[in-house]
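Below are two complexes that have chain A in common, paired first with chain B and then with chain C.
Coming up: the complex of A and B.
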């Protein structure tokens, strides 16, 4: 029984680590991976989602509805941000980096001024269950499923909807998309709004698992960037899935054997090695592999 | 009753700093015409093309599409009003399949594609030999067929007028002649075509009328025979004017 419990525990740790990386990264997959904007305000967009979900849940709104609300409000905020500021920095990567850093400072400090240094968290929904000596939080199992659903939904949107096709056309060659009648300004705004909304929703989903504070977003920034960069640009969605699974496959056993801190160090070292050995990211090799399989 | 030109400009002007790249151009292309715009390097062909497309905003003058003033409209609005654009450097989406490439304009503009435009599009993908290759990624196509794909992508949006910037750049003489033949067929089906070109052999094959630009102005205009016989035109090509 304990062997089964241990196996389940390892699998659970692996799943939660991968889900955390994926949830931290999904919004950035769109904004950095597709739009090529180094969005240093990504953590603050997640923080905004977490605050919205926490505030409205404290007021009695059911948690799933709070997550949806976080998505919508942060998406609207993202759309406004794109219209007023971000659109002036397309093609100026360093400019976008500095301006999004500025936005992150304003959002963090603004939240501190308005809401103070801490906010009471919401409890983890769903309770827990045991298998032998090992205990599992139901909510994290739900989060593993939700992260898979979110990335699948994003893939479906980009593969099968008119918006997805227009967005891919715009991100790859904006002038050609415009020549085919696509309103590229609108596509950029909607894409940035989608990335922001997803960051907000993921912040809301992770809110019950972390402390709510104005600077909480910073803990998501490094995992998000690492996941997207290790994933690479050849296929950002496939890359994010591949890199979150790969990094979790390193972090989980090392973390179980030597503790969470060493697990994180191992994750960072692995990221460094992958970027050194595969500068095009995991997705480049995954794509080549799948194409070879199809070709064969 | 006089027919409205398909596309025209009135006193169109564009400056870059102290250089006048387009200098009071009055161009008028009739519906159903194939017009070639030629000129030596630096004559202002690319600037005029960019102004017609909406890539650059003019400093003065007007651009009319089917009589409607489109001077201040962005490129995508002009496209939705029936203008098709292709560029000199191929801009087909290499990572998408041929079907997906063709789908972009079709899904975007499906409301405005009439039966004539649909017939032209379907005819074109047949003539360009793209109809059997739809599941192939565009990057698998040879250069000339990528150029054809770009023209087909534009036709999928159902334009009445298309602007082509050196559509045969990099093609062999046979491929160039095949392109000319397809464009003549599409023109016979009601499509107005404006081509910016410097390959005179290609111009001879397709042009109804030729506009010669020199130093940003219209230097001469007429049939291919008139233009090729024009002493001054020959001189500007040889750098003597």
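Coming up: the complex of A and C.
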């Protein structure tokens, strides 16, 4: 029984670690991976989603609806942000980096001014169940499923819809896409809004598990960037899945055996080695591998 | 007690601010020195020059933004409240009672205990309450705030200069330099994290600046310029752990923030658990950036301890509580920081903090009249505040203590005020009586065991009315006779190694 419990516990940790990385990264996958904007305000967009979900849940709105609302409101905020500021920085990577950093400071400290240093959090929905000596939170199991659904939905949008086609065309060669009648301006705005909305929704999904405070977004920034960069640009969605699974596969056993500190060290070391040895990221090799198989 | 500055000097001093400070100051230096001299012997010309004109400046650095702002804002409000009260002519009860502990001005044993009704033949004053109840007998004050007979300090207005440290150690150093060198503050009150304190302490020492560190911390700072008014490990770890061992069993598991506070407090826990019959069966240090705890939770479940010592710091690590509760980990917990400082029990939905124990020296719920009066005064000034934590109360009584010490010294000259502070002060703080031990510059505190229940209500099932900060005394620190400027760590005390060795022999 206890070996079964241990096995389940390892699987559960592997899943939660990967889901955490994926949820932290999904919004950035779109904005950094596709639009190539180093969005340092990513954490604050997640923070905004978490605040929206927390506030409306306290008002009695059911949590799933709150997540949806967080998606919509943060997406709208993202669209406005793109129209007013971000679009002036396409092609200027460093400019975009500095301006998004500025936005993150304004959002974080602005929230501190308006809402104070803390907001009472919402409880984690669902209970727990146990197997042997180990017990597990139902909500994290749900989160693992939701993160898989989100990435699959994103995949579907980009592969199977007209918007996805136009977006891929715009990201590959904007001038050519424009010549073929794609309204690239609109595609950029929608893509940024989608990325922001996803960040907001993921912030809302993680809100019950974290403390709600103005600078809470910071904790997601490093995992998000590591996941996206390790994933690489060849195929950002495949890369995000691959890198979150790979990093979790390193972190989980090492963390379980040697503790959280060594676990974090192992994760960072793995990221370092991958970026050094595979500068194109995991996705480049994953894609080559699948292409070869298809070709053969 | 207060030395009055003659009226005409006061007006001169005020205009001196606008004209040229130095010339006016020189003009009044002799007169001021004359008023201050009789109290504390020789006073050099330069020290007299520096003091006694314009407002009394309290330099204050805390983090009002950034990761630590949840603590910094409370401390800022505490300083503002104390300074408002001082300027309105109020002070806390208490005074120098001499080295040796609580004296006539403390409020313990207002009623004598009722022993001896039957059999012993001792005279009994009255029957004072049911005898089956085991507790300390003391008369409870309605409030401890009284008139000081002095508007401001020595008739001078008190001014707060409080720049934002932004949770950034490099900025802390810059601000400390600015407050000391440009603003020439009369006293510096600053510091939440130990890293912040250690960042500015060398600057403080170079300038011989009078400095108060008001936070709960890991202990060991022996610095002739620094006064530590918060509780330290020996006052919190041992009572907390002994309660846990007695109530829940001997096997403890420590999870701690991975920096000097967490490391050293965990070392105390490891070394002293065997003294009270306990044992630390596992220990884990967690980087401040970690915010997802499934692996930590699984490791604790694997080790099966009787209780968990949680020394978690910062908002990322606070996520542990809801996550552990959701994962069904319902072990009793003990801490020296959580709940009393970051009010996690108010921020997280019940039952995340259920079963949390902390041997605290103050938190907002302390059930005494004087504390209720304090909370009322605070909330009247800051109606939107969510909580008053341990280090906020420390900041509050520390600034009142400074004002009292200046009145005793009769001058704001920092060297004289330091000497005045080394007279064995008892001050009646909202927590209870606090005694500032002269030789080590640390405080004896009223310690209470706070327990958080399923609904996040707090109760105090046990109290220790006076626990000394004894460790530096054990090491022979006496800052009056042998000034030092360092922080001791448990490795320097052979007794720690001895305790650990005994433990390994036994098992």
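Quick note on the criterion: the second predicted complex is superposed on the first by the 296 of 296 C-alpha atoms of A that agree within 3 Å, B and C clash if a C-alpha of one lies under 4 Å from a C-alpha of the other, contacts with A are read in each partner's own complex, and residues count from 1 in each chain.
In the analysis below, a contact is a pair of C-beta atoms (placed from the backbone, for glycine too) under 8 Å apart; a residue touches a chain by one contact, two chains touch by 3 or more.
What you see is a predicted model; the values in this text were computed from it and never measured.
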item: Chain B versus chain C as contact partner of A:17, first or second or both or neither; value: second
item: Residues of chain A touched, compared between chain B and chain C (which is higher); value: C
item: Chain B versus chain C as contact partner of A:54, first or second or both or neither; value: neither
item: Touching partner for A:168 - first (chain B), second (chain C), both, neither; value: first
item: Partner chain(s) touched by A:178 [first = chain B, second = chain C, both, neither]; value: first
item: List of chain C residues in touch with chain A within their complex; value: 65-67, 69-70, 73, 258, 284-287, 289-296, 298-299, 301-302, 304, 315-316, 318-319, 322-323, 325-329, 344, 346-350, 352, 384, 386
item: Residue numbers on chain B that touch chain A, as the complex places them; value: 53, 55, 74-76, 79-80, 84-87, 91-93, 95-96, 100, 103-105, 107-109, 153-154, 156-157
item: Residues on chain A engaged by chain B in the complex (per definition of touch); value: 162, 165-166, 168-169, 172-173, 175-185
item: For the chain A and chain C complex, residues of the former touching the latter; value: 6, 9-10, 12-13, 16-17, 20, 109, 112, 116-124, 126-130, 133-137, 139-140, 208-216, 218-219, 222, 251-252, 255-256, 259-261, 263-264
